[in-house]
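Quick heads-up: structures coming right below.
Common to both upcoming complexes is chain A, partnered first by chain B, then by chain C.
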Partner chain A sequence: MNRIRSGQLTTALLLSNAFMLMCMSAPMGMESMWGAVIAFVLQGILCIPMLLLYKEGFTLTAYCSRKHYIVPLLFVLYFIVRGGISFLLLWKGSEHLSLPFSQPLITAALIGAVCLYTASLGLRTFARAGTIAFGFLIFTLGILLLGAWQRIDFQQLYPTADNTVFGSAMHILSLGDTLPALFVLLSFTDQKSAFSSLRFLGLSLLLWEVILFLCITVLGNLLSAAEYPFFLLTSVSQPLTTQRADAFYLIVFVLLCVIRLTLLTVLSAHLLGMLFPGLRCRSILSILGMIGAAAAFSAMGFEENLWCIIGIVLFACVIPLLFCLRMKKNPEWKEEPTS
Partner chain B sequence: MRKIFAVLFSICTLLCTGCSKSVTEVRDRIYIQGAKLGGSPTLTELTLYPFEETGTPISGEGLTMAAAIEETAVQSGKAVFMGHLELLCFDRASFTDSMQECMEEYRLSPACKLLYLHETELPEGIDTTLLTDQLRQEEENGRIPETDLFHVLSECAGDDGAALVPVLSEEGFGVGLLQNGEFLGTLSSHAVQGLCWLRGENYPRRISVAGNDRMVNYEVHSAQTELSAEIQNGIPHVTVTLRLRGSGNSEAAKRLIKAACSIAAEETVKEMHADVIGLDACLRKDCPKYYAQHDFETAKFAAVFDVVVTAS
Partner chain C sequence: MNEFAEETIHPDLQQNIRRLREISDNTSDLMVNEFLLSGIPAALLTCEGMVATSIITELILEPITHVQLSAPTAQTVFSHIQNRLLLSLDRSEAKNYRDLFRFLNSGFAVLILHGASSALVFGVQGYDKRAVMEPSGESNIMGARDGLIEVVRINMSLLRRRMKTPFLKMELFPVGDKTQTDLCLCYMHDRVPQKLVREIRERLQSTELESVLSTGYLQPFLENRRGNLFDTVSTTQRPDVLCAKLLEGRVGILIDGVPYAMIVPKLFSESFQTMDDYCFRPYYTTCIRWIKYLAFLITLLLPALYVAVALHHPELLNRTLLLLLAQSEENAPLSLTAEAIGVLLIYEIIREAGLRLPKAVGGSVSIVAGLIIGDAAVSSGLISTPILTVTAIAVISGFVLPDLNQPLTLLRLGMILAGGLWGLFGISLVGAAVLFNLCAGESFGMPSTAPIAPFRRKSMRDVLTRVSFRKMQSGHFTVEEYHE
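Here is the complex of A and B:
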């Protein structure tokens, strides 16, 4: 596994976050904009223990080499579950964006094949691909703004009765599953620049605020009835009178999904590799696990809920905090200085 | 061996992406420029006008919109694509109930123009492209307020479900009001002019005003409309502030605009009880307590309008 730069880490996590934003199906209102600020501030606070831990010199490789199995396995399980949820979101989203394929299994197989290929090229290649995808995301956002610009109505910025700031903040926090990924990814970056990786939270907040603002001011009365506000926003934000810009939105949606699933696959496969060096086809196992989880969630009628927040707090804050407290007694968890 | 496997796998993957036989080729598709929807609630009659100049209108009917489209596809021998639709004419107000579903199902452009046919029919052999261009010119010159599918959908989803639509009648283009699947009526020309200013999306480039011995033009360079509201003695007072930049007799222009705006507010809000000027959003934003305590019908009845026009 290669090392990645802090900027590449920021991009990968930002793109992963953007996919969750596209698939958001909760009611939106002006409260959501304040909710997003609170949710991202909370995420920043949750990150503090892991950043302090890495500043002390902790590495997952050193930890796993001491035959600690439970925590890395829990992380693997978490990434597989979140991958399954991502597949589920892709299936639901594809109905609204008219993907050329609509059967869930074909979709999962094709996306899974792309993710496997990307994951097989290593983390550094994936990180470079993330930079290109980020460029495409910015370009598509430009098109979205161009199409939405004339329809912005500031009169629509009023408090709604259906939403609360707290409820919105909790919902947005429940989508912040990139924090556990950050904990693992920090092992592959320069530890001195750990704090700079928090840039992704600032950039994600900016992205959320722009999209929420557009959804509220452009969709107006239609927002309350929209199942997926972002997809409705794309369908009404067409910069040209008759020519449609759907292809851009479609490409960026699939691209973000691939980036997110590849990230989760790479991380779970890498953790499996550290635990069981002899295990082969780790990426395939991870992808299959995600598809299986997606099928199970689909049958269960899964929805984002309190368990998602508990998962984020546990993996992003509680576990790193416990490591922090036990670090002094276990100096072997620190990275060996390379000669 | 691995390279051969990789190439074969890539080809198989490409076949699954939609570039296979199940996808409709461009030549097997008919691209629709305009459509006319009519019939009764139990029978939908659809006439489609393709983009091709030589293309003849295709008619079909069915119990639902989907069935009618299927019928037209059979008639034309091609798959119907309505994603580039520019004009949708309809003579049944209740069609607005299923409009959002149609937009999502058939990927209609949100900028697609709607035209309500009031006690009239589209003549045989009509050029719908010309009709669309004429409608656009009416809007560009500020003769009628700018509307499209998105505007109508957004207004239909508002508190009172009232929406402004361009109307084609024996007299030509006009503007009418739809509310909850019913046609309320057409508006006077003064009210239509006033609505252009009140909605603030398009406005005339010039206004003919009285000069010393003849009519002269007041050239409008730019205009900005702002609605604000406050509660005075338990009554919502709505102030429409219009900031004009132009050249000519500004005092006469201000008087004309003020009169047109007052007529527009009177005809729509007071007489037809329909809000098509964004009154609900204005009250929700500026007077949230009043809005929460009173129903919107009461608010519309009680609202007092004041139009302030400034010119520079």
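Here is the complex of A and C:
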């Protein structure tokens, strides 16, 4: 896996987060905006052990080369599960996107096929594509703001009865599943890991706050009936009077979905490759695993909940913390293996 | 490898001539003029039609027939000619038959002498060549009018006329087992990364090609990855463009017999730049550049978006447009996707026919295509007017970017198919795959998508805008800055 720049790390994770934001279906209110602040502060705190670990010189490549299988396999499992959840969100979201076919399996197969190709091109290609997609995202936000600003009603910013700050914070934290990806990606990033992480969290918070603010102030009373507030926001905020711009949001949504799934596939395939160098078709295995997980979650009626938060805390904080504590006894985790 | 490649030149003149005729199988254009040089049997070999006869007579034959040495041997005669007679500026020595034939067939006169196991060669080329004229493919308004031609040495001089700095280095070497084509590697040795030059030289010299007859023969050896839709090696017919690229630390490759120069590495953003951009005022160029970006999106996406929206997302259209489209498509016998693909295929057929036919007939192709097929197809109701209009706009937008014609032609068809089958979702998926394919493009460590990804804010002054030369003059940009 090639190294990527700290800016590319920020954009890649931010885009992955943006997809989750688009798919957010929880009730929204002013509490959500405070909840987002708390959730991102918590994420910042959760990052501290991994930043300390990387400051010590830890690399995942060196760790894996010492034949430690369990932790990397757990990460692979985590990425596959999160990929499955992403597929599930896509299926649910696609009902609101007027796709020309109703069968979720076709959607998954098409997205899977594209992700297979994009993941095969490697992390560096992914990072470059992320930079361009970030430009699209900014442009989309510009169009959204252009359509929404005349409909903003500040009087809609009031506390709601069916929402709490804590509840919102926990829900947003459960969606912030990119921290474990950040832990793995920091192994392949140039220095400035603390700066990259802070920038990523800061920009993510800004994005969440902007979208939440627009959803609350533009949609107003419609918000309580909206299953997917972002999609409703795009329908309501049309920048042109004679022509709808929904097509543009659909294109960006699919692009973000591909980027997110590619990230998860690249990471899981790469970890599998580090553990089992002889293993072939790693990307295919990862994608199939994600589709399988999505089908299972769909059958079980999966909801974003406490388990997601436990997963994030475990992979983003507890494991790095344990590594930090054992680092002194294992100085070989520091060096890159020479090939 | 030829069996005579390393065979040294025979010292016996008659055996030598016999061997030469044997190797060339008595080819008719090998001219052997035997005479006595200071009493020693000698022969001047030339290739008919490749040399200037008057130059040979005046500058070679006339002086050497007057050579009279007191105790002549092959070595002393050669030494005398080498050191005392400046018969030609371009002089060399051939030690074996491979070198001898390469010089001979490049328009050199070859002097062989009884008793000498080498031959002296003199550059007296005089073959017919095309005059330096305006390039047909890269016309511009305010730039220079001269273009590269088929003779590599003339092209080198066109370059040197613009770049008088000693830092411009040109390396000539032959490639191609049979054609022995002269290749000239040009670069600014104070700007170019030495690793890049070394790698390109190694790749070109390690090719096992029999012939190099166009740029396409060498391009695969200069590309890093198969499966790229977009070129990572650019070509130009213009010496001024080549100079500008060399100054940015790129490497140019001139091929004898080809009026194009190859340039490595190529960035995707260069497809939107022309020499005229640097002649016009910056605000106008910036505007034109954004029009080109728009044209790129139109040529790639417009027919596909039209098909996708009309077939799968009619709710996205406003009422007037929807009624207009519905009315025109009402009586069309084919599906919208089939119509769009059909029209584009017919256009490609007409374009190909216009390109390959003699110019006199080429004009009639346009008449048949435009008037008869176009008009008749619409009036008979076989093709609807909107699809024809949309396709025409897309095709004309493609003309703005001739560099991207090949990938855009294929991608346009792919996009229509995806849009027809899966609507905007399909277009987004194909778009994502194309984006990743573009980002995967790399040329010797330089990403094609630079300076956008990886992002370089400083370089945006010649990508998003085109600032004045007052600002661009400082910095001495080289492409090495993009290396990853």
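Assume the second predicted complex is superposed on the first by the 327 of 339 C-alpha atoms of A that agree within 3 Å, B and C clash if a C-alpha of one lies under 4 Å from a C-alpha of the other, contacts with A are read in each partner's own complex, and residues count from 1 in each chain.
Criterion: a residue touches a chain if its C-beta (ideal position, glycine included) is under 8 Å from a C-beta of that chain, and two chains touch if they have at least 3 such contacts.
Predicted, not measured: the structure shown is a model, and the values here were computed from it.
Of the two partner chains, neither chain B nor chain C is touched by A:I45.
Shared-chain residue A:V318: touches no atom of chain B or chain C.
In the superposition on chain A, A:Y158 makes contact with chain B only, while chain C stays out of contact range. In the overlay built on the shared chain, the residue A:L222 is in contact with chain B alone; chain C does not reach it. In the superposed model, A:V236 makes contact with chain B only, not with chain C. By the touch criterion defined above, A:L110 reaches both chain B and chain C. In the superposed pair of complexes, A:R244 makes contact with chain B and with chain C alike.
By the touch criterion stated above, A:T131 is placed in contact with chain C alone, chain B being left untouched.
In the superposition on chain A, contact of A:Q8 is made with chain C only, not with chain B.
Judged by the number of chain A residues each one touches, C leads among chain B and chain C. Shared contact residues of chain A, touching chain B in one structure and chain C in the other: 98, 100-101, 110, 242-244, 246. Residues 9, 13, 16-18, 23, 83-84, 86, 100, 103-104, 107, 109-111, 150, 153-155, 157-158, 227, 278, 281-282, 284-285, 288, 292 of chain B are the ones touching chain A in the complex.
Across the complex, chain B is touched by residues 96, 98, 100-101, 106, 109-110, 113, 151, 153, 155-159, 161, 219-222, 224-225, 235-236, 238, 241-244, 246 of chain A. The touching residues of chain A, counted against chain C in their complex, run 2, 5, 7-8, 94, 97-101, 107, 110-111, 114, 117-118, 121-122, 124-133, 135, 242-244, 246-247, 250-251, 253-255, 258-259, 262. Against chain A, in their complex, chain C makes its touches with residues 305, 309, 311-313, 315-318, 421-429, 431-433, 435-437, 439-440, 447, 449, 452-455, 484.
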